[in-house]
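Consider the two complexes below, in which chain A is the common component and chain B and chain C are the respective partners.
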Partner chain A sequence: MRQHTVKSACKTFFGLVLPITVFLLFLLFPFYWMFVTSVKTNAEIYANPLVYWPKEFTWATYEKLFGYFDFLKYMKNSLIVAVLTMLLSLLVSTLAAYAFSRYNFPGRKVLMAMFLSNNMFPTVLLMIPLYSIMRQLGLLYTPGGLVLAYTTFTIPFSVWLIQGFIRDVPFSLEEAALVDGCNRVSAFIRIFLPVLTPCLLAAGVYMFMQAWNEYTLASMFTNPASRTIPVALNSLIGQLGVEWDMLCAGGTVAVIPVCIMFFFAQKRLVAGLTAGAVKG
Partner chain B sequence: MKAMPRKKLQIYPYLLLAPALIIMVGVVFVPVLEAILMSFKFYDMRYPNKTAFIGLSNYIEILTKDSQFWPSFGRTLLWVFFGVGFQFLLGFILALILNRSFRGRGVVRALSMVPWVTPGVLIGLVWRWLYDGDYGVINDLLIKLGILQDGIPFLSRMETALPATIVSVVWQGIPFFALMLLAALQGVSADMYEAADIDGANFFQKLFRITLPSIKNTLFVTLLLRVIWVMNSVDIIQNMTAGGPAYATQTLSVYVYQKAHVLNLGYASAMAVLMTLLMLVVAVPYLKSTFKNEQ
Partner chain C sequence: MKKALAILLALVMALGLVACGGTASSASTAPASSAAGSVPAADEPVSLTFWYWADNTEQSDLMQSIVKNFNETNGKNITVTAEEYPWDSGGFTDSTFNAIMGGGGPDLSTMKLQAGKTFAANELYADMSSYIDAWEDKSQLGDNVWEMMTNATGDGKTSMLPWTLEGLYVYYRPSYFEQAGIEVPTTFDEFLSAIEKCTMDTDGDGKTDVYGYGMRGAGGGQEHLGNFLYPYGATWEDLTTPEAVEAYNAYLDIYKNGYTPESATSAAYAEMVDGFKTGLTAMIIHHIGSYATWVDTFGDDVDAFVVPGSDKGQWTCAGDTELVVYEQCGNKDAAFEFYKYMVTGEGGTMWFKGTGKGLGTDNVTATEEFKSNKFQAVAAEALNYAGVLPPTDTLTEFINNVWAPTNQQALMGQISAEDALATMNAALHGD
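On to the complex of A and B.
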């Protein structure tokens, strides 16, 4: 009997506890190291041998980050761009996804193919003409320009995502409303939207995350005044190397909000992401 | 198809689609055409007066004279193959573990997703710090474990730089694979495993006969999405090594990005068009399958 328990304990350890520990160490250690670096004194960052746990914590780096580096300004820029991207993409994609999944109309297939095919254009392909177009329109270095650039990938993706969500909402729900004398618009607003809201929030979190984290386009379409967080972090690379203390502090601050949002949205988000893939 | 049958042609669907369509035409379709047009031009913003149509010259130069193009092409294939390959392998293993029920599973799952929500710039820079030759914690750990005698400056050596960047893109992609495959695994009915157990099937038989066939749609879409994203990715490499040392980590998208940054737009466009063609090879099966599902 005892031998049996030992054997099963061994099995749990090697089959479950050990692999989980290894995975979590690999996936989370970089964050640990980032945070620890951000609260070390400079002497301890560049100490030999390396310091794994600081003897004295210091928040001086964070003071520097929000003080002379003015990180709050970049956070504000990122917030504006991310919120606008999220709202714009959600609005137009929900309407489009609704049209695709609830109506049968001539040209439906062609239009859908157009939307889906947007996913495959490399960012660097769109970046070049967008740069010259925005320069001509005077949108370069404005939040609006960056938001429009982000819709190149957020709209196609959210149409796909939201369609996945809509498929799970039974059509009979709206039908009943129509029978009860609602017209299509009020059925959409009063019956359909409330059911879909949690899913739209999840999709919104995803769009926000994308815009908050994006670097390639932001590095072309912002200037020192309109810089978003990723570009600001990149600017910490200097001639003599990277300011590691500032980078780690800025990184810690940048990751926390999206992490929190993501934790709340993850379940529904995954449901939407897999809905398109699992069926059919 | 659940759409409501209607007899007369209706205007609603077109009205609903109009905003998205107008934006897409403006920010995607017009720019793509513009990019194709630019690729036939000499268009360098440092020499604005010299802009002119030069036919296929950009393409010819890229394909025959540019000593960086083909090596970058090859590195792109390596970067995508090993990057996505290991993301899939490790993500699948993680999904299999998370698919078992144990206490604290929700917490483990949430924690293991954090790399996915981390900005690429930060991934590039934090890994650069981890790999540092003098103060890098990876070197320190490898020395402590007795694997290395002295620290290696991973990112400034030709032979270690590309594998090092691949490790960090794998790290970024594991969560997405795990998340998607876990959702698919949870849709596989337990009855099938029970039946297999009664028949005395072993772990691998169950894996190849039940698990993989059941999740193959999700697997396919996830793989293709990831291939497209990883091929497109600029931020990680750009911030880790900026394509160096001596181009050892320069992939096509990083190359195009750098050419565009020095404002040689015609040449960069031509290269981006070639990259799109490469992407099509991957994207066409993806589009076909998504489209099939939508029918």
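On to the complex of A and C.
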């Protein structure tokens, strides 16, 4: 009996605990290293051999980041852009996905194909036309310009994502609502949207992260006043050197909002991503 | 119902646009582009937008203070708005190009010679030849400098205006040289020998802990290859000659013999610098721009010498930064005023004092900072042998996409020196 228990414990340890621990180490070490570098002194950052645990913690880098570098400004810009992108994309793609799933109108398939083909073009190809459009609209160097630019790739993806989910929701649900006195709009809002919540959450997190981390378009469509976090951090990588302490401190802070979002959305996010996968 | 939904959707989108625009305009503090807004009248205020990159936060502050000083002192009602954009490993030039092609962008900006032809081919640069010819301080810069500028665009015009030029030279650690029992090399063979001897096992554990040379095998490393080519009698004009192969093999042997860290295959500037800074390497090739870092790190235990040549030749690459005025700039007189201030005026002096970089003009050489800096003398000597890679149409392609992967393959022995050079030659000269 005892031998069996030991054998089982060994099996669990080598088959589950050890691989997961190694995997987690592999996954989390870059984050650890980023944080540790941000609290090291300059001498320890460049020390040879490497210093894995600083002898002396310094928060001076964070003081410089939030004081001199005004990192909060960039965080605010990123937050505005990411939240607006998420809201606008969710609104448009939910309605579009609903129309594509529930209505049969001429050109439906062509439009869906166009949404898909949009993702086939590299972002860099869109740079000059988008820049020109933003300039004409007076949206250049504003959060609005960036939001619109981001929706060019978040909306098509989300339409497909949400549409797949809607298709799995039985039409009888809305029929029942209509029979019970709802009109189309109230059936959509009161019956359909609550069912869609996990899917919308998954799509929303995707959109937020895309907008939060995007660099290429942000480097073109922002100026020093409207700069977002990825571009601001990139400016710490110069032609002649990298400010590792500031870069790592900025990276550490930039990860926090995404982590918080995941923490709260995790449960529903998984449900949203796997929804429809096992339905017959 | 369909109609209601369609109207709702249209309303939402319209509201979104308005909301975005509203938020945006309140957040925007800088003009989208002043190119069209400049008024070429002497007594009217002139606004110019200047884009630049900075290598660190100190340089950002310095540039802002230089521009502020210009705005306060130029006496011609010229206001320059300096906007910083990330260097982004050279992506700065792409962003500027895209912005101008999209109808926006700055009136003038910092630039690199290697991007000269792309901009010139699209007629984006203003021809500043007449301004330069009439400039009283033109003679403070050598003819070779002006020639370099003209060659960079390939259209015979002086569109790229020199701002800082830094010849590459060797930084070394005297304490390592002492440990290895060697003197500063004066010939190229001695240089190679110094690399070998400075590769040391200092703690006796059987492993190398100091490498003779911090090779930059990836991004930007092509500049250092020139230091090897010319002492063997090869040139950039033809990389397929036996001389070029011999030179390249000498370069590859440094890696193959373990005289440079194994990470050299992927080492760009940051990796090279980190290796030297941590004491892992005894020598690196770089220009005056990094001297302050080394002095801060090593104190007296850092010195410099010009990369030696042989009786067959000597060459070093010039790290360059230019200022360019764009064709869309509405007031080129004002733009040239700013350029003069940035070179032989107070702006040039301030930039030199803050970064150690300049063109060796009178205002720079007269400063105490120039006279008392031992690295400036080496940098000035290096400029005698300095040049740039041939400004072919495909130079950017060679630098960005061909050099690093080809050199990596050659370093790792996946392709021969001959094949690697043939690939590079074809990419560089567009054959």
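Rule of thumb we're sticking to: the second predicted complex is superposed on the first by the 235 of 280 C-alpha atoms of A that agree within 3 Å, B and C clash if a C-alpha of one lies under 4 Å from a C-alpha of the other, contacts with A are read in each partner's own complex, and residues count from 1 in each chain.
Throughout what follows, contacts are C-beta pairs under 8 Å (C-beta built on N, C-alpha and C of every residue); 3 or more make two chains touch, one makes a residue touch a chain.
Source: prediction; values computed, not measured.
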Chain B and chain C placed together on chain A: clash or fit? clash
Field: First, second, both or neither for A:Met246, with chain B first and chain C second
entry: second
- Query: After lining up the shared chain so the two structures overlap, which partner does A:Ile237 touch, if you call chain B first and chain C second: first, second, both or neither?
  - Reply: both
Q.
Looking at A:Arg190 after the superposition, I want to know if it touches chain B, chain C, both of them or none. Which is it: first, second, both, neither?
A. neither
- Task: Could you say whether A:Thr142 touches chain B, chain C, both of them, or neither, answering first, second, both or neither?
- Result: second
Between chain B and chain C, more residues of chain A are touched by B
* Asked: Between chain B (first) and chain C (second), which does A:Thr123 come into contact with in this model arrangement: first, second, both, or neither?
  -> first
Does the superposition put A:Ala99 against chain B (first), chain C (second), both, or neither? both
Which partner does A:Lys11 reach: the first (chain B), the second (chain C), both, or neither?
neither
Check your understanding: Touching A:Tyr68 in the superposition: chain B (first), chain C (second), both, neither?
Key -> second
Which of 145-153, 163-171 or 271-279 hits chain C? In chain B, it is stretch 145-153
Chain A contact set shared between chain B and chain C covers 46, 48, 88, 91-92, 95-96, 99, 103, 127-132, 148, 184, 219-220, 231, 234, 236-237, 242
Seen from chain B, its contact residues with chain A in the complex are 1-6, 9-10, 12-14, 16-17, 19-21, 23-24, 26-32, 34-35, 38, 90, 93-94, 97, 100, 102, 108, 110-115, 117-122, 125-130, 135, 137, 140, 171, 174-175, 179-180, 182-184, 187, 217-218, 220-222, 225, 228, 231-232, 234-235, 238-239, 253, 256-257, 260-261, 265, 268-269, 272-273, 275-276, 279-280, 282-283, 286-287, 290-295
Touching chain C in the complex, chain A uses residues 46-48, 68-69, 77, 80, 84, 88, 91-92, 95-96, 99, 103, 127-132, 135-145, 147-148, 183-185, 219-220, 223-226, 231, 234-243, 246
Touching chain B in the complex, chain A uses residues 16, 19-20, 23-24, 26-28, 30-31, 33-34, 37, 45-46, 48-50, 88, 91-93, 95-96, 98-106, 108-109, 111-133, 148-149, 151-152, 155-156, 159-160, 163, 167, 171, 175, 184, 209, 212-216, 219-220, 229-231, 233-234, 236-237, 242, 244, 247-248, 251, 254-255, 258-259, 262-263, 266, 270-271, 273-274, 276-280
In their shared complex, chain A is touched by residues of chain C numbered 1-2, 4-5, 8-9, 12-13, 16-17, 19-25, 27-30, 32-33, 53-57, 59-60, 83-89, 91, 95, 98-99, 101-104, 269-270, 273-274, 277-280, 289-290, 293, 297
